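For clarity, chains are labelled A, B, C and D in written order, and residue numbers in each chain start from 1.
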Amino acid sequence: MNRLAASLGRMELQSPVAVASGTFGTEYFDLFDQSVLGLYVSKTITLQARTGNPPPRLYETEAGLLNAIGLQNPGLEAFIGEELPRLREVLKVPLIVSFSGASIDEFVQILLALEKEEGLAGYEVNVSCPNVEKEGIAFGADPDVVYALTRRLAELTQRELIVKLSPNVTDIAAIAQAAEAGGASSLALINTLYGMAIDWNTGKSRISRPVCGYSGIGIKPVALALTYKTAQAVRIPILAMGGIHSWQDALEFFYAGAAAIAVGTALYCDPLSAARIMQGLREHMEARGLSLKQIIGTVS
Amino acid sequence: MIRYLTLPVHRSESIGGNYCLLAVRDAGLAALCRPGMFFELKSGAAGQDRRLFKPVSIYKVQSDEIAFLIKVLGPGTQALQVLEPGAPLKLLGPLGNAFQLVKDSRVLLVSGGVGYPPLAYLRDKLDASNEFTFLHGGNCRDDVFPCDDVWTVDGSSGRQGLVTEGAVQLIRDKGINVVYSCGPLPMLKALAQIVGPILHYVSLEAYMACGVGVCHGCAVPVGEGYQRVCKEGPVFDASLIRWGEL
Amino acid sequence: MNRLAASLGRMELQSPVAVASGTFGTEYFDLFDQSVLGLYVSKTITLQARTGNPPPRLYETEAGLLNAIGLQNPGLEAFIGEELPRLREVLKVPLIVSFSGASIDEFVQILLALEKEEGLAGYEVNVSCPNVEKEGIAFGADPDVVYALTRRLAELTQRELIVKLSPNVTDIAAIAQAAEAGGASSLALINTLYGMAIDWNTGKSRISRPVCGYSGIGIKPVALALTYKTAQAVRIPILAMGGIHSWQDALEFFYAGAAAIAVGTALYCDPLSAARIMQGLREHMEARGLSLKQIIGTVS
Amino acid sequence: MIRYLTLPVHRSESIGGNYCLLAVRDAGLAALCRPGMFFELKSGAAGQDRRLFKPVSIYKVQSDEIAFLIKVLGPGTQALQVLEPGAPLKLLGPLGNAFQLVKDSRVLLVSGGVGYPPLAYLRDKLDASNEFTFLHGGNCRDDVFPCDDVWTVDGSSGRQGLVTEGAVQLIRDKGINVVYSCGPLPMLKALAQIVGPILHYVSLEAYMACGVGVCHGCAVPVGEGYQRVCKEGPVFDASLIRWGEL
């Protein structure tokens, strides 16, 4: 009996632990067995290649990580030509491809191209990156746009359609409902919060883009609050993330209403964190004689 | 092949004002090391488990011992400094590419400050067919380590001035045909100017998160676009670096 | 020469260090001299007394503090009758009274009553408390409402009029501009982020209100980003706060554009933090031979 | 008069499974202590400077020594446990009200688990004109401390059962007219039922931030509205507590 079986929209997962888009690569499978993951989410791709933001792109604060990668990626064509075949080859767990666009048409073009490809279980629609001008967050802040976008994409695929939401909005529940109404089969949240750090000695921004993305332990309470708010507002399942380092952290998110969780920044503090979390959850549920699904959303 | 291990610190020494030396022993790991490579290191102490690893070059490999020479700057390196022999050190690596090893060449090695360790390791592994000179510079005598010619900004050790002045002389006088360098950015920029068209391998630093090439955080402007210090680097052909953007 | 002199709207301050509303009391003057403060901000008051939220109201996370006090306060009348005379008696630094209301009329009533009182330098209009249903954040998320409210209040007073903003919005700059257009003479930010924590062992929310307010080190990068964004968008000065524990933290906020800073949660980690920050700033500016005003907003 | 001091730990002992004893010496501070009062404590070690203080009752005051008995539960108490003699302990206090001290009464003291320290201190200071019995209960022998009658849930020490059973008997048999109590909420609730109309002072716990009455975080339902454990409490008249809301 797999006490950790999870369902995310149209997918049945062997493990409720996934990886956060942009933070992971198959390089880590040298260190642990990929079967601990229920899902592999690719780095976000865009229609054209993006070189990303100038350095410095990273800074560790007292309680998390700032980044301004800027969606560096080789573009759709190179992804399909080079990266996807390699991932298909290596992966034994379902692949979700994350993508973003500067217009609804761009999103549609990418989805249509990926629909022709085998070996992927679905999509994560990134409308929430704080580190680029046109793609990403501009899309994710307006419920009407999210509805229109999701609706277009949902008509074009039978695969899992995850919409990834930004925490930097007044009412995440309204945006989640727009995605649900548009036909998203699940939601992912949260992308990074706005963050900034300055070298007090020189007055220089620590990152080339002053306002950038903030992840890691400092954002966990926020991610948990927004997971809870969203779970109260929609029926589709949530892939939750934001500062999850331990299996205890993961449990908090399940209680708040997450169907599955993803690990990002924690990997940079312990490359085995995803495996460790999976193992801890398994032992805990075993000891309690419960299945994970029994506790989802039962916070009191 | 990247490995992730927690090893007891074998040696731990305070050096000069602000440096420390840490060494671990592991024959398998030692066999994987090459000059130019680095490890992501982290103290295994409680309270560090939600902090990042810090990139540190391999300084010395002697039989099964791997040593690191670390300048204490902020929280990550402070946590490393306080490790006593026997305390747990987490290592992810070895990471990055390595220096191209030349033969039958007139080689110049130039390091500044905390750029010393990878060049010291490289010197030990340079083929005997090469003729070489190792210049090292620092702000003051605290930053000085064994080499052929030492420069300090304040003149407290070796010759007074910038190590790049020494490089100018040697390149002019000795017909140098390969340069290896590592150090602070202003030094590297000046050196790249001075070295000009001569073959020049430079080891760059960048703030890192993953260390294994997945996060694209350690990008530097090389060729068109950016390359990752942790994966395509840390050693780059200096002529491909867009120095103006650094 | 006072290198740390600061200006906040209509006020000239002897020190750029203030205290965050709701986190401070004159009890602390047993431990340090009040002259380190440039400004004393009272706990938020409302028209009627409020008993506040049921316990538990507090929880310390890995990187900050969750609270759901719920604006417990004795109400306007008791404040004017008992608290204000006491504060007038004790305080040697300017007093700002923070208040909130459930309607524009309530805000107006409170302001009019306080206008009759001597011994206060101005007001902090709290439209950003996440821990109450009607007052607070419902007001602070809509630029039109913030404009209308500020406009009404600005017409009624010549005193300093600070509007305190919430970070839980899509576009803080737009709301800041609305307050500026309405006649606010300065802004305070940030109030607490949404946060949550769950006891993984029992599934119980750590706080009686599941979604509550998050302060402390974990919110510093967010507060800094929003200070920067706001400073880029308005001309009126900013009283910045959010996770400031050290004078180095404070410097980051000045570089980002803050005219003054406030200390809240840090007091609970070190009751002398405000004094320590003031002292550190003084020595630092002395050593550099600069005045604080020279570095405000100069981040590069 | 609240004071804020950093003092070297004078004594530090591990007790039983999960408790530790910490003591500091300061004559001025000791003179301010009364039974029922508490301190906000924090380790002075690096890495703790951005963490909250933790409320801990005064356990013993002997001449200039103030002692605390602490159950290690989470990060805050763990950081206190590892303090060795000489290490810095930060103290803010003494805080809160104190127990009302009665005379010529038949007194019952009832504590559970970590509620023991304030009652142990109270017992030492009770007027000799009183007749008193001190009951203490815990889960197992690890939670047991010196008193007149011990109860454990698992029977591993003293009598098996809940300490409230002992209280029922004594109240019935001895004509108790004052009760003092401190312990886990379920025990206090049960006890308040049992004690009924008899004068009953109870010391409550609540999660704290400031400890000095400014944040309103430690509110408990007392009388109408809420009162602060750190300021109006920690000792309350049990008849004023709205137990149903706790």
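By our rule, a contact is a pair of C-beta atoms (placed from the backbone, for glycine too) under 8 Å apart; a residue touches a chain by one contact, two chains touch by 3 or more.
Keep in mind that what you see is a predicted model, and the values were worked out from it rather than measured.
S.K.: Taking each chain's centre as the mean of its C-alpha atoms, give the chain farthest from chain A.
M.R.: Max centre-to-centre separation from chain A belongs to D.
S.K.: Let me have the rounded angstrom distance from the C-alpha centre of chain B over to the C-alpha centre of chain D, please.
M.R.: For chain B versus chain D, the centre distance works out to 56 Å.
S.K.: Averaged over CA atoms, how far is the centre of chain A from the centre of chain D? Could you give it in whole Å?
M.R.: 46
S.K.: Mind checking the centre-to-centre distance between chain A and chain B? Centres are C-alpha means, answer in whole Å.
M.R.: Roughly 35 Å, centre to centre.
S.K.: For chain A, write out the residues touching at least two other chains, lowest number first.
M.R.: Those would be 62, 217.
S.K.: Could you say which residues in chain D touch two or more other chains, in rising order?
M.R.: In chain D, the residues touching two or more other chains are 50.
S.K.: Touch graph of the chains shown: is it line, ring, star, complete or other?
M.R.: Contact map by chain: line.
S.K.: Name the touching chain pairs, would you?
M.R.: Contact pairs between chains: A-B, A-C, C-D.
S.K.: Which bits of chain A are touching chain C when the two form their complex?
M.R.: 61-64, 66, 141, 168-171, 193-198, 200, 203-205, 210-212, 214, 217-222, 224-226, 228-229, 248-249, 251-252, 255-256, 295, 298-300
S.K.: State the interface residues of chain B toward chain A in the complex, per the touch definition above.
M.R.: 1-4, 42, 49-53, 76, 92, 206-221, 224-226, 245-246
S.K.: Quick check on the complex: what are the chain A residues that touch chain B?
M.R.: 22-25, 27-28, 30-31, 43, 51-52, 54-60, 65, 67, 69, 72, 216-217, 245, 265-272
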